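One structure is given below, represented as structure tokens, and several questions about it will come after.
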Amino acid sequence: MIKVENLTKSFGDLEVLKGINEEIHEGEVVSIIGPSGSGKSTFLRCLNLLEVPTDGKVIFEGVNIADKSVNIDTHRQKIGMVFQHFNVFPHLTVLENITITPTLELKMPKEEAEKLGCELLAKVGLLDKKDEYPRKLSGGQKQRLAIVRALAMHPDVILFDEPTSALDPEMVKDVLDVIKGLADQGMTIVIVTHEMAFAKQISDRVLFMDGGYIQEQGTPDQIFNHPQNQRTIEFLSKVL
Amino acid sequence: EDDNTQKGEGDLLQQILDRGELIVGTSPDFPPMEFIDTTKTGQDQYVGCDIELAKYIADSLGVKLTIKAMDFDAVLASVTTKQIDLAITGITKTPAREDSMEMSDSYFDEEGESGWQGILIKEDKKDVYTSLDTLKGKKIAVQAGSLQDLYVSEQLPDAKKQYITQLNDAIELLNNGTVDAVATAYGTGQDFVKQKSGLYIGEELLFTLNKDYTGNRIGIPKGETALLYRVNDIIKDVKDKHLYEEWYQTALNYDKQKIEGNYLQRVAQIFSIYWPKFLTGLAATLGLALITVIGGTLLGTILALVKLSKNKFVKFLSSAYVEIIRGTPLLLQLWLFVTIFAMFGNDQMIVSVITALVINSSAYVAEIIRGGIMSVDKGQWEAAKSLGMSNQHMMVKIIFPQAFKTILPSLGNEFIMMVKETSLASTFYIGELMTANNVVKTATYFSLETLTITAIIYFVATFTLSKLVNYMERRLSVSD
Amino acid sequence: EDDNTQKGEGDLLQQILDRGELIVGTSPDFPPMEFIDTTKTGQDQYVGCDIELAKYIADSLGVKLTIKAMDFDAVLASVTTKQIDLAITGITKTPAREDSMEMSDSYFDEEGESGWQGILIKEDKKDVYTSLDTLKGKKIAVQAGSLQDLYVSEQLPDAKKQYITQLNDAIELLNNGTVDAVATAYGTGQDFVKQKSGLYIGEELLFTLNKDYTGNRIGIPKGETALLYRVNDIIKDVKDKHLYEEWYQTALNYDKQKIEGNYLQRVAQIFSIYWPKFLTGLAATLGLALITVIGGTLLGTILALVKLSKNKFVKFLSSAYVEIIRGTPLLLQLWLFVTIFAMFGNDQMIVSVITALVINSSAYVAEIIRGGIMSVDKGQWEAAKSLGMSNQHMMVKIIFPQAFKTILPSLGNEFIMMVKETSLASTFYIGELMTANNVVKTATYFSLETLTITAIIYFVATFTLSKLVNYMERRLSVSD
Amino acid sequence: MIKVENLTKSFGDLEVLKGINEEIHEGEVVSIIGPSGSGKSTFLRCLNLLEVPTDGKVIFEGVNIADKSVNIDTHRQKIGMVFQHFNVFPHLTVLENITITPTLELKMPKEEAEKLGCELLAKVGLLDKKDEYPRKLSGGQKQRLAIVRALAMHPDVILFDEPTSALDPEMVKDVLDVIKGLADQGMTIVIVTHEMAFAKQISDRVLFMDGGYIQEQGTPDQIFNHPQNQRTIEFLSKVL
């Protein structure tokens, strides 16, 4: 589904990604772990061109979206993204947060979009909040809203960047449950996370990044229980 | 019995008596001669010593008086074409006028009252400075380039001149002993003496006038000698009874109240007399500031969008525009636009001034709008983009509504800034608050008191506005 | 052979011839009569037509000339006490002067050259406006309150007056047809004609002068009739040869270059001639801004500390101070301080202006400093307090050093603001850049060109300064 | 050592602490846990008067420091505090961060203060950084510096407010090790934390706060393994 070829990304003199080759397959759940500053977020953001790669290809459903001549907007509609800090739209109600993009960009009729929105909200237990403004929501609720907002575009894949690390501990579980639900339904997911237990539980594959490269990858069992790479071993010894 | 029929020459007096009405043309914008009392209406609104003279003439003829107000040129034209019976509006004699109308004897010699130039001194020096000669080598305050400046150079060549810009300042200098005397028009000097105690101006301290002033006269249609003689008779009567001097004094004192007491009392009195002037000034200031900010916002929004765009060239142009405007003083920009507009034949100062203000404001507003847009959390841009929103939808639906919250209070502050900045427009006599200040200052001769009032008005206006802006800011940020 | 011995009366001419030196006193600050060429030194620096006359007299006597420069009063005093032989400095005759010195025949009648007042028209209307009478009913630009204003009222009573503040503006109005003529001093008018093409001023359009001007004369010590007669002979010689007119023209053109070409060429020429004037203005502007910001910082720091203190009353006072200053226009504050200081006898405008600027700036700086202090992360205050630091140590060792980073660039921006704001000081003829602009504008008659140069200088100054401030800001924030 | 009597604290209309009675004994290690917004930080900050209590007494070593007539500075010198966001002084070097308060407030000679500072830095493995500025330190290093800075005043008790929650996961351990070291040396410690495992490990006593009250308290075993209070049970079910 997403194929990355020789992806490099520099910020000025700082080379963050040093040539990454990787393929995300349809229906796969891939976790990305690694120390802070290793380029996890940058990699994830390159997948939907929020960061423009310095070099290399990002082939999404057969099209190299890193190519400047591509209309990136239409492709992004197929790639959902959920951020660490939720980034819900504060000036729109919960329901409007969900319906605005489908109505504007997919020309979905308003009633249809609202019906879809309500269904999705019901699934994550937020239907009673549909006419509230986001400032009334807790962090966990905001993040569930952000997930639902992405889902409303019927994406083929969703990218998560540390979706729980800005949450108070007692709110983490609700959000992880929602993500787990998506994984169970067969959604393609790429998730950067520090929640090792969670990664172990839901992933089909785990990537360990460090120093601008994917140092090691494999099943959760391979990575967490039998890591080979020295850096992986070191990292896991600290966080577990 | 049709009064409008063009009758033969010479019988206008008879016509007046027949119709029982004397029609006098005047240009009511020369106080104290003829001016309008805005508190009255109809014929009553015309006041001044020339009007009194007209009334006296009508009374003497035993007819009713009708005043027709028009501008000075029109008065002269109307008497020539006999649309009015008499032209009484401070007219002096010239050969040209003598050709087109009859001119009465002089009823008032301006020189004797206000045409003279003299020396104002402190009252306690009255016995020291008894003639111009006694002022030899003394320090005299004069307005640079004024008539008095010339007279001092000519008739008091070894006096030391202290140049001043405003006569009021000269009085302060006189009072604290920095100068020994102040050169001024005699009438103005008399006004000062009336307003402030401890001052003196006398005829022994007048400069020698050698100009060929002619007195004020009444204009009468050509050939109406009967009327002319009758008018001259009445003028003689007025002169004999010294009526005009009386009327002149009354007119001078018309609605001019003596301002006295201590500083605070003077402030209160000046405000109670001149509050309409200040109010109009404030309204003009607020209006000017509002027009400026609205114009600035329209222009500034375009600039801000251009600055955020990707086209390097227009981006550079708009950056340069903003930098240049922000890098030069507003006073200079005002002069520049006034000069440029004058070159293209614009003599409406207000247009030049508003253009300069709008352009100045637009550069600041552009930064406000750009700042507001940039202040929207980067996460909002990223969220919108990650959903696949088009740039236009993102700006219109996501970014602008949130930027608004930052922009609106800043525009409020820009408005407050402009309320203050428009004071520079007073350089060009635009009638805003600072101009009103200068007018009242000149009318009352009390600089400090007038400035105090103006300062209070500015402060109250900007303080109230800034409370409003704060309130708005709080209301807008509640929704976060 | 001691020349300094007080000799008897009447033999000064002989003394001059004996010692071979003529000592002439002059006050070299009246161009084109006598002024200083700053590019020269010693006796050579004194130039002008009076100096030429002095040279001619010395040559005629066959002696060496020594010029003594002093101020005008001193020249008059010196000739009375025979410290100089002749006083040549544009002296006119007065009874007082006649008493204290001998006065030569007039060598130059100012009236004929510059004392006259006349009418400036477009060259192509030369044949239309052939006398004052032909200007009847025309629109004439005059400076309000000027001598010409008076003459127009008197001698052209039915002309329409268009009041202007600067003569340059009048020329623009004349060129674009808004007015038909411009009333001006004859000499000034001639200058205009010289500088700009398409203009005309002629003797047929002069106002009738009936003043008692006397020409310029040479002052000679009392009783020195031999010298007087000899000087009068030489003056007659000069007059016969029309030498003075020649010298006058040369002096007028001295270092005055004709500015011509297109707009850009004119800008370049004006800058190449007047750059020292602009440079001095810029230096004064920067100096004034610097003094203001330094003074404002001292006062503003105190205010900021008081505002952060716990004493409610002084807190209120300092808040009120800051609010009032920030709530009123700087122009008004300048007037207020100039007025108040004048009441206490201060006639040094610069002191009033600097006080007003410092007080104005202090209110803004107080907010900068308070803002800087508040911008220090709350965690820093808490950490310092939790360690048990005293309030004073906390402020001095922890808060100020960190606040500094925010404050310093803001003070830099305040300085840039002040570079622009000091332009308002030009209202009071403080010699900063905007004053320099006005001086050059008046000297060249090219408003737009001069304003362009001034704008560029302001822009370059503020732009450079803001780049410096940005650099400083970056450097300071690197350490975070 | 610190005795709190009927401590209440309101922010405007919001009553955050509703009357707390508690005593911290010398040498004790007390952990405070509870949901977000329950007033844990506020309680901790009341102990050294960073928040002035609305009512009640805070008796430290026999003196009611909530009394306005008390010179709070000298007492604060005996109560160390470590913040979530470190709050090291960025304009001072690592060593200066430590020496500034002893030299200024305790009039300790400069050499002595520097000797003490170096000793303390050596203990937490930061001696080689002593002349660096804090911007060169990682989060974990900053927090260790903050602890050492507090220790340099020889406090009788140290208050920790979520000392690891602003840290990247792989840095948490170093900091917890330092705190554990202090506990082992018999330092009196009050710590607000979300690290339940850590709380369990080092605490003599655990306080569970909710709704402005201390709802339950006891040994780690009592609280974590046999909670009685309904809210405690609920909270722990979410975070463990």
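We just call them A, B, C and D in the order they show up, numbering each chain from 1.
Note that a contact is a pair of C-beta atoms (placed from the backbone, for glycine too) under 8 Å apart; a residue touches a chain by one contact, two chains touch by 3 or more.
Each chain and its UniProt protein: A, D = Amino acid ABC transporter ATP-binding protein.
Please read these numbers as outputs of a predicted model, since none were measured by experiment.
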{"item": "Cα-centroid distance, subunit A relative to subunit D, in whole angstrom", "value": "36"}
{"item": "Gap in Å, rounded to a whole number, between the CA centres of subunit C and subunit B", "value": "27"}
{"item": "Between subunit C and subunit D, centroid-to-centroid distance (C-alpha), Å", "value": "69"}
{"item": "Distance from the mean Cα position of subunit C to that of subunit A, given in whole angstrom", "value": "71"}
{"item": "Subunit C residues counted as touching two or more neighbouring chains", "value": "none"}
{"item": "Overall pattern in which the protein chains touch one another (line/ring/star/complete/other)", "value": "ring"}
{"item": "Contacting chain pairs - touch in the sense defined above", "value": "A-B, A-D, B-C, C-D"}
{"item": "Contact footprint of subunit B on subunit A as seen in their complex", "value": "48, 50, 73-81, 83, 85-91, 100-101, 104-105, 133, 135, 146, 149-150, 153"}
{"item": "Subunit C residues within the subunit B interface of the complex", "value": "73, 76, 92, 94, 96-97, 133, 136-137, 143, 145-147, 150, 154-155, 157-158, 160, 162, 169, 172-173, 175-178, 210-213, 323-324, 326-333, 335-336, 338-340, 342-345, 347, 420-421, 423-424, 426-428, 434, 437, 447-448, 451-452, 454-455, 458-459, 462-463, 466"}
{"item": "Touching residues (chain side subunit C, partner subunit D) in the complex", "value": "377, 379-380, 382-390, 393, 397-398, 401-402, 479-480"}
{"item": "Residues of subunit D that touch subunit A when the two form their complex", "value": "35-36, 168-170, 173, 194, 235, 238-239"}
